[in-house]
């Protein structure tokens, strides 16, 4: 038995309803409802039935303006994802936007510098940018040296980016989508010092105020997750965002019902179910 | 007033450097009031039975040491006065346990406490969520049976009777939150909630807004709110230290930034072009 | 096939995690933990890529004597030097510890401290009463800044209480809303990957 299996096998716990891991039954039901809602919306979109549209997101519209400005000024675009991790959904949400920016840069013949503090993301980003240049019909313009792994040490990465911002003076900086930590404010202010137009977006709640106050355009919270649907204008992907919104109504209902039960009743069956 | 808008940022930085430098040399000694959050933290620790075991989740790094280490120092004073046993550990931040132990060592020396008897550095053990979860099943497997310096844990008196992190063995978890992993995504969901051990949290000022909802919901029993919380806690345990010393700097910096904001707005209002 | 094979692997891995996490019988087998360990091993292998990237970029700088090539040389010496040193005496060896305590800790703290300066100048640049929302943002920031420092209560008793109320009530409510939305959005992304709709991580702009 491999290491790990033997350790866990010692720990016998009871199944909920004879099927689910203890503590996960409520979560599974919620996940299943969410998945069904999203699937229904995708099916509707595939069948050509009408689904709601995503509202205008000025931050995403501003990306092409930012790249255009860099092109006019003959200066590069800098793209950072903060401190990304392949296990973080914010990072996954950033990939389509990076591809979009790379394609725009390739079309406009503008240099794109992507700095990365994570080795896995470095490999993925290089591939995304290479493919984007290929799709734009300019594979020769792709320079692998402009996708730079600096270090996975937070403030050493910050120092590296500060040097790049000061030396290369990018005309546009895209900070999308995270997770971002203390480095965000430093990048935003250094970008402003370099004279860059800045488009930022993150779901890292602690950094949101800095993005809102410091960037020219900011996407907050779940807006970043709608980016790929918004940019692709693909109804099937938009369906997933609409499904998510319907699920939100269910959550609001659960919050209201849960609050009423917790306030007026002695026991809370909803809470018991969700943690069962 | 155009000069105020065009001011070289280096002047702004130079003045804040001078202001903070002056109060470090000549502290103002402004009185510090105790907030309900810090009082709740102190009371929660004080209510523990003498000799209880506390798991100290050292999820932080060098950058946050200015705010976190004073919390751990003050906590060590309160804990050792109650003969609590401290188990310092982390599975996500390589330097956290080492930095925390350096401070606990100093307090232990002062209070006549012994390493291996009253406290132990279980060390940084890689694996993140896997290792945190493993702690609740088999602590020896999670720590590989050795402390930070490779000494066998089974020989230490403090480890007698400790098989795993559960409610029967540990009375409290004191977890830090400065990023990922931290209290919100490791100590709460992987340790405190599955085992039922109460969780108290120490966080940096920047992360206070993100952590507040968890405190309000009762998922955290108490929380120290950044450097200010650390200063209040130092005052409560009766061992003034670095956090209290930082507060005068924070006060003057807050005043300076407020004045800057007022100046910038006056300059902006007086110089902006009025619509025809 | 370039995109299809990784996509199928991603879907299978996603289903594996769901099954291993939620179903009791599978959870008892400990597959989830084993899967996590595999992930760590694969992840560790990627560090080699990082080292190769740094060596190529900075090696070229040194070789072609580009501007500031000396810094590239220092970087390469530090990277390989510290790597060899810690391989020889572990990260807790005396010299490795000395370098950590006397070079890494002060440098890291220095760069972190830049934040104080940058926040100051950013506040000067960004907090303008351009719109009603910007005015609310500015006033709230001043209340919180002064209220969380002892000076607030010294000037006006009760300022700290107001700051705490802002943090506890309006902030917590907004944070909950944003966090719920963000988690749902993150989950929708995960579902898109699971359904094979999101492929950007496999390369390309679409």
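Every chain is named by a letter (A, B and C) in the order it is written, and numbering of its residues begins at 1.
Here is the rule we use: a residue touches a chain if its C-beta (ideal position, glycine included) is under 8 Å from a C-beta of that chain, and two chains touch if they have at least 3 such contacts.
Predicted, not measured: the structure shown is a model, and the values here were computed from it.
Visitor: Which pair wins on C-beta contacts, B-C or A-C?
Guide: Pair with more contacting C-beta pairs, B-C versus A-C: A-C.
Visitor: Of the other chains, whose C-alpha centre is the longest way from the centre of chain B?
Guide: In terms of C-alpha centroids, the chain at the greatest distance from chain B is A.
Visitor: Report the chain ID whose CA centroid sits closest to the centroid of the full protein CA set.
Guide: C
Visitor: Report the inter-centroid distance (CA atoms only) between chain A and chain B in whole Å.
Guide: That pair's centroid distance is 28 Å.
Visitor: Quick one: report the Å distance separating chain B from chain C, using the average Cα coordinate of each chain.
Guide: Chain centres of chain B and chain C, defined by C-alpha means, are spaced 19 Å apart.
Visitor: Distance-wise, how many Å sit between the C-alpha centres of chain A and chain C, to the nearest whole number?
Guide: About 12 Å, centre to centre.
Visitor: Residues of chain B that touch two or more other chains: which are they?
Guide: 9, 61-63, 134, 209-210
Visitor: What parts of chain C, by residue number, touch at least two of the other chains?
Guide: 33, 37, 108, 111-112, 119, 121, 123, 125, 127, 141, 175, 179, in rising order.
Visitor: Which chain A residues reach two or more other chains?
Guide: Within chain A, residues 7-8, 154-155, 182, 205, 209 contact more than one other chain.
Visitor: Under the touch definition given earlier, write down the residues of chain C that touch chain A in their complex.
Guide: Contact set of chain C toward chain A: 18, 21-25, 27-30, 33-34, 37, 43, 46-47, 49-50, 53-54, 56-57, 60, 68, 107-108, 111-112, 114-115, 118-119, 121-123, 125-127, 137, 141, 175, 178-182, 184-193, 195, 197-198, 200-206.
Visitor: Across the complex, what residues on chain A touch chain C?
Guide: Listed in rising order, the residues are 2, 4-5, 7-9, 12-13, 15-16, 18-22, 24, 27-28, 31, 34-35, 38-39, 42, 89-90, 92-93, 95-96, 98-100, 102-103, 119-120, 122-124, 127-128, 130-132, 134-136, 145, 148-156, 158-159, 162, 167, 182, 185-186, 188-190, 192, 203, 205, 208-210, 212-214, 220-222, 224-226, 228, 232, 236-237, 240-241, 243-244, 247-248, 251.
Visitor: Using the touch definition from the top, list the residues of chain C that touch chain B in their complex.
Guide: Listed in rising order, the residues of chain C that touch chain B are 33, 36-37, 40, 91-92, 100, 104-105, 108-109, 111-112, 116-117, 119-121, 123-125, 127-129, 138, 141-142, 145-146, 148-154, 160, 164, 167-168, 171-172, 175-176, 179.
Visitor: Show which residues of chain A lie in contact with chain B when the two form their complex.
Guide: 7-8, 10-11, 23, 83, 85, 88, 154-155, 179, 181-182, 193, 205-206, 209
Visitor: Show me the residue ranges of chain B that touch chain A in the complex, using the header's touch definition.
Guide: Those in contact with chain A are residues 9, 61-63, 134, 137-138, 141, 178-180, 193-194, 206-207, 209-210.
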